[in-house]
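Two complexes are shown next, each including chain A; its partner changes from chain B in the first to chain C in the second.
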Partner chain A sequence: MASTLSDLMLNDRGFAFDPASGETFQLSTTGLRLVRLLQQGMKPEEAVGYLVGEFEVDENTAWRDATEFLRALEQLGWISA
Partner chain B sequence: MDFRMNPGQLRIMVTGLHRGENPQPGAGIVRSIRRALPDAFIVALVYDALESGIYIEGGPDAVHAMVYPTSGADAYLDRLDAILHQSPADLFIPTLDAEIELLAHLPGELEARGLRFVLPDKATLQRRSKQHLPELAEACGVPVPRTIAVFDLAGARQAASELAFPLFVKGQYYDATKVENELQLAGAVSRLLAEWGAPAILQQRVHGPEFDVLGLGDGQGGTIGMCAIRKTALSDKGKGLGGMTVSDKRLLQICERLIGELKWCGPFEAEFMLDESTGAYCLIEINPRFPAWIDFPSMCGANFAAALVDRLATGAWPEPLPVCPAGHFYLRHQIEVHGRVDQLALLTTGTGFGQGQ
Partner chain C sequence: MHTRAPYTRPTVQRLSQGPVNPFRHGASPACSEIDGVTVADLVKQHGSPLFVYSENTLRSLYRNAHRAFTRRYEDVQFAWSYKTNHLNAICRVFHQEGSIAEVVSGFEYEKARHNGIPGNQIIFNGPHKEKADLERAISEGAMIQVDNMDELLVLADMAKGRREALPIALRVHISTGGHVVWSKFGFNGDDGEVQQIIRRIIAIPQLRLIGLHTHIGTFILDPEWYQIATRKLVGLALEAEAMGAGPITYLNLGGGFASMARLHYQYLPPEQVTPAVDRYAEAICDTITGMWPANRPLPRLYLETGRALVDDAGYLIASVVAVKRKSIHDPLQAALVAYGKNSAPLVAHGSQNALVLDAGINLLYTTTWYQPRIFPVKPCLDAPVPTTVYGCLCMNIDVIREEAPLPNLNTGDQVVIHPVGAYNQTQSMQFITYRPAAVLVGQDKRVHLIRKRENLEYVQGMEVLPAHLSGS
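Showing the complex of A and B:
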C-alpha cells in the first residue's frame, strides 16, 4: 500500500504527502534533503556522504541520525530494506 | 451531462436528510444534484420533521413525512402513493439501509408507480450483509475481521470469549459500539437487539486507520467510478469528520474484485481497516448506498449522484467518472439552518410542504 519515494508530494519546506496512505509529514531540513537525494536515485550511503559535506557534520553523527531516519522511511514503505 | 429528457422536468425523490452527529447521505446527494442540475425538482421523504437537510439553502423543493420502513410494505407503499399524489416524482434515490432492505423486495411495486430507481436484488443485498461478509470476502480473497452473528446474550458471551475484548458490536443496519468487557457487551447487545432486531454482529477489532471507498457499480461487474479516502478525523461514535483522498491501486483492486463478484448495480460504500500488524486491508462493511460524504467527490470533479441521476433518467450509464486525485480533503462543518414553525406543523400533521402539491 506504500507509495514509493517518487510518488511522494513534497514542498520546499518539508511538507510531505503520501498519496497511498493519505498521511502527511513534516520533514526536517536534513530529512528533506536526504529524501530529495534518494528521489534523485542516490543510494543511502552515497546520499549520507553527500550530506556530511553539505551540512559540515562528522560522519558518525550523520550516520547515527540518518540510520534512524532511513529506518523510518523503510517502515513507511518508501524505501526497501 | 447529456440527458434525453429535459433536466428542468426531472423530479427526483430523495430520503435521509439528517445531518447531525450521525449524518445521512440524502442532503449530500441533493447538494451534488444541484451542482449538476440546479433546476431539478427534488422531493424529500423524511422520517423526522427536524431532519436538518430539509431546511438548508438549495435544499428540497417539497418535503413529506414518510412512515418508517419497519411499518411494513403496505404502510410504506400507501404513504408513498399519497406523497406521489401530492408531489409527483420520476426518479427515486433511497439512501438508508433499512429502506433499501425493504425496497429490494418491492421493485415491481415501485415500477408500477412509474418510479425509476437502482436497487440491488435481494440475494445480492444479502451477500454483502454483515453476517455474510466473511463468505463474500473469502470468495474475493479479501481479509475480513473474524465476525460472529449472535441472537441472544448467551450467544454473545460465547462469541466474545472466542473473539476476545475489545471487539465491536454492530446492528444489522446501523450502529457500531466498541466494547471492552462483558458488562459493556451485555449493554450493547441488548440495546442493538431491541433497536434493530436479531442478529447483532460481533466483530474482532482491527488496529489501524480506516479507509473507505464509494462508487457506482454498473451491474455488469464493473464500476462507473470510485473515490477512496482515508478517514482522518473521527467523532466519538466513529463517524468520519474528515477524510483525505488516497490513491492506492491495491485498495481499488480489492473493490473491483468485490463489485465484480457481486455484479453490484448502483451506489455502494466499502469500509476497510488497514491492519497495522499485517499491512493488509480488512473489509469491515459494504453499504448498499452512498455514504454521508457523497458530495465531497463532486467537489473534486466526480459527481456520483449526478451520474446516478443520469442513469435513472436515460436508462444508460454515463461515461466513467474522472478519478479523484490523491491529496484532496474534506472536513465536516456544522452550521445553523433556518426553519419555521409552520413548516414543522405541516410535516408533523402529515401534509408536507413545498411546491408541486
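Showing the complex of A and C:
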C-alpha cells in the first residue's frame, strides 16, 4: 500500500518518506518542486509552467520530462492515472 | 528579472541500497577540466567525442614507476609496450623519458624505428614474427625474445655463417599458483621444457642465450605473484648458467601492473585495491638481489609495463544525445523468473535513468573488463543515481556502463569517461561512425592534435573497386 501524494513526508533536500509503505525516496530538485506544487493541488500543466519559469528549460523538454515523472509517480501509487 | 536555476530532470529514486542518507542530495563529482583546459574548450576546438591525453600524467606515471625500481635496483630499463598505445606522440613522450621500445610485430617494429628508436633498443616479442621482420631485427641488433621452437629453428638457420653467435632470450610462462598461466606464450618454466630448450640452444653454436623473459598476465593485483615469478625466473637463469649456457645478462619481467581502473567484479574502489608500483618493484627487485650470487654483477632488469603507465592519462569526452528511462524489475522476482520458479509476468518495480552517448564500445574495448568512471562535465547539485550509459551503435550490447552513478543529465550535456588510456586506441575499430580525434594536453596547457578525426577518404582509402562496378 502506498500513500497518496499529500501524505508523503518531504524535506528540503528531496528526501521523501512514504508512511504507508515505510519506503524512502530521493527526488531531484525539479522532482521535489513538482511534488510540492502537486501537493498544493496544482494541475500538472500549471506545475510545468512553474518549472519553465524557474529553471532553464524550454516548454517541450519540461513537458516530456514531466510526463515521464508523472508516470513514475503513478507507478509508485502516489497519484492515480 | 530573476534568473532561472540550472535545469535537471524531475526524477524520483527508491532508496533501497545502503544506509539512508537524506543529505546525499547535493553533490555529484564533476570533471569540467583536464589539466587546466576546460572540457567545453576542448569540444569547441576538436568536437565530440574526443580522446584526451594528459602529458603531465604520462610523465609522472613513468617517473613514479621508474623511481620505484631504480630506488631498489641499479640497472633498470623500461621498454614502452607499443600495443598498449601506439600513438606516436604517446610513444615519444615515453621515449623522451628514457624508455626503449617493446614491439610484437613487424608493424610495431616499423613504428618504433620511425619514432627514432635504433634496432638495438627494441625488444622484439610476440608469438608470430615474420621471417623478413626477424631478418631486419637481427641485422639491426634487436633483442629477440623467442616464443617457440619453430622460431628458434628459423633463427638458428638465419644465424648460420655469422661471425659471432646471435644473442637471444627465451620467453617463459610460469605458474604463480594464483593466476591462470598464460601458456600460449613461450616455453613452460615449470615442467622442464625450458631446460630442454636451453640444452638445445647450447648445442647450436650460432645461438647464444643471454636473457629470460616472462609476462605473467595483465592487471595483476597481487604483487606476490611477481615475487613467485621472479624467483622462478632467476632460478632458471642460474640453472641455465650451470648447464653451460654462458652468462645470463638480462631478465625481462614483462608488464601486467594494474592501473587505477576498476574491474567489473571489483567491489572496492581502485584507491583501495591497486597496489602502488613500489610494491611490485619490491617484489621483483628484492627477489633478484636476494638470489643472485654476490660475486657477480646483477643482470639488467627490463620492464614492459603498459597499462599502468598510460591508462590514467587517457580520457574520452562524449556527449549525451538522448535521455531515456529504463524499467527495472524487483531483483527477487527477476531471480525467481530466471530460475523458473515464477511464471507470473515480471512487473516493473520502477525505472532508472539511461542515456545514449555519441561514442560506442567500439572505441572502448576495455569496457569488457572495466567499469570506467563517467563524470558529468557541468557541476550539478543533484545527487548521483544509477544510470545506464549506452553507446551510439546499433547493437544491444553497446553498453558503456550498466550502472554509472550520474545526476540527471540532459541532451547536449557532456561527460568525461576515465581511465581509457590503455588499449582503447590500439584495439578500437572503425564501425558505423568515424573514430574521433585524439589530443594531448601539454604541460604548458597547450592542446596538440595527435590524431585527426577519421573521414570518408581515410576509411575508404584502402578499398579498390573492380572496373565493372566503378561507373557512376
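In this section, the second predicted complex is superposed on the first by the 81 of 81 C-alpha atoms of A that agree within 3 Å, B and C clash if a C-alpha of one lies under 4 Å from a C-alpha of the other, contacts with A are read in each partner's own complex, and residues count from 1 in each chain.
By our rule, a residue touches a chain if its C-beta (ideal position, glycine included) is under 8 Å from a C-beta of that chain, and two chains touch if they have at least 3 such contacts.
Note that the structure is a prediction, hence the values are computed from the model and not measured.
In the superposed model, A:P19 lies in contact with chain B only, and not with chain C.
In the superposition on chain A, A:M9 contacts chain B only, with no contact to chain C. Look at A:T29: by the touch rule set out above, it reaches chain C but stays clear of chain B.
The wider contact with chain A, measured as residues touched, comes from C rather than the other of chain B and chain C. Comparing the two interfaces of chain A, the one with chain B and the one with chain C have residues 23 in common. Residue ranges of chain A in contact with chain B, taken from their complex: 1, 9, 17, 19-23.
Put simply, chain B touches chain A in their complex at residues 209, 211, 229-230, 232, 244-248, 250-251, 274, 279, 281, 326-327. Within the complex formed with chain C, the residues of chain A that make contact are 11, 13-16, 23-31, 33-35, 51, 53-57, 61-62, 65-66, 68-69, 72-73, 75-76.
Interface residues of chain C, counted against chain A in their complex, comprise 4-16, 20, 22-26, 325, 348, 350-351, 381-383, 385, 407-408, 410.
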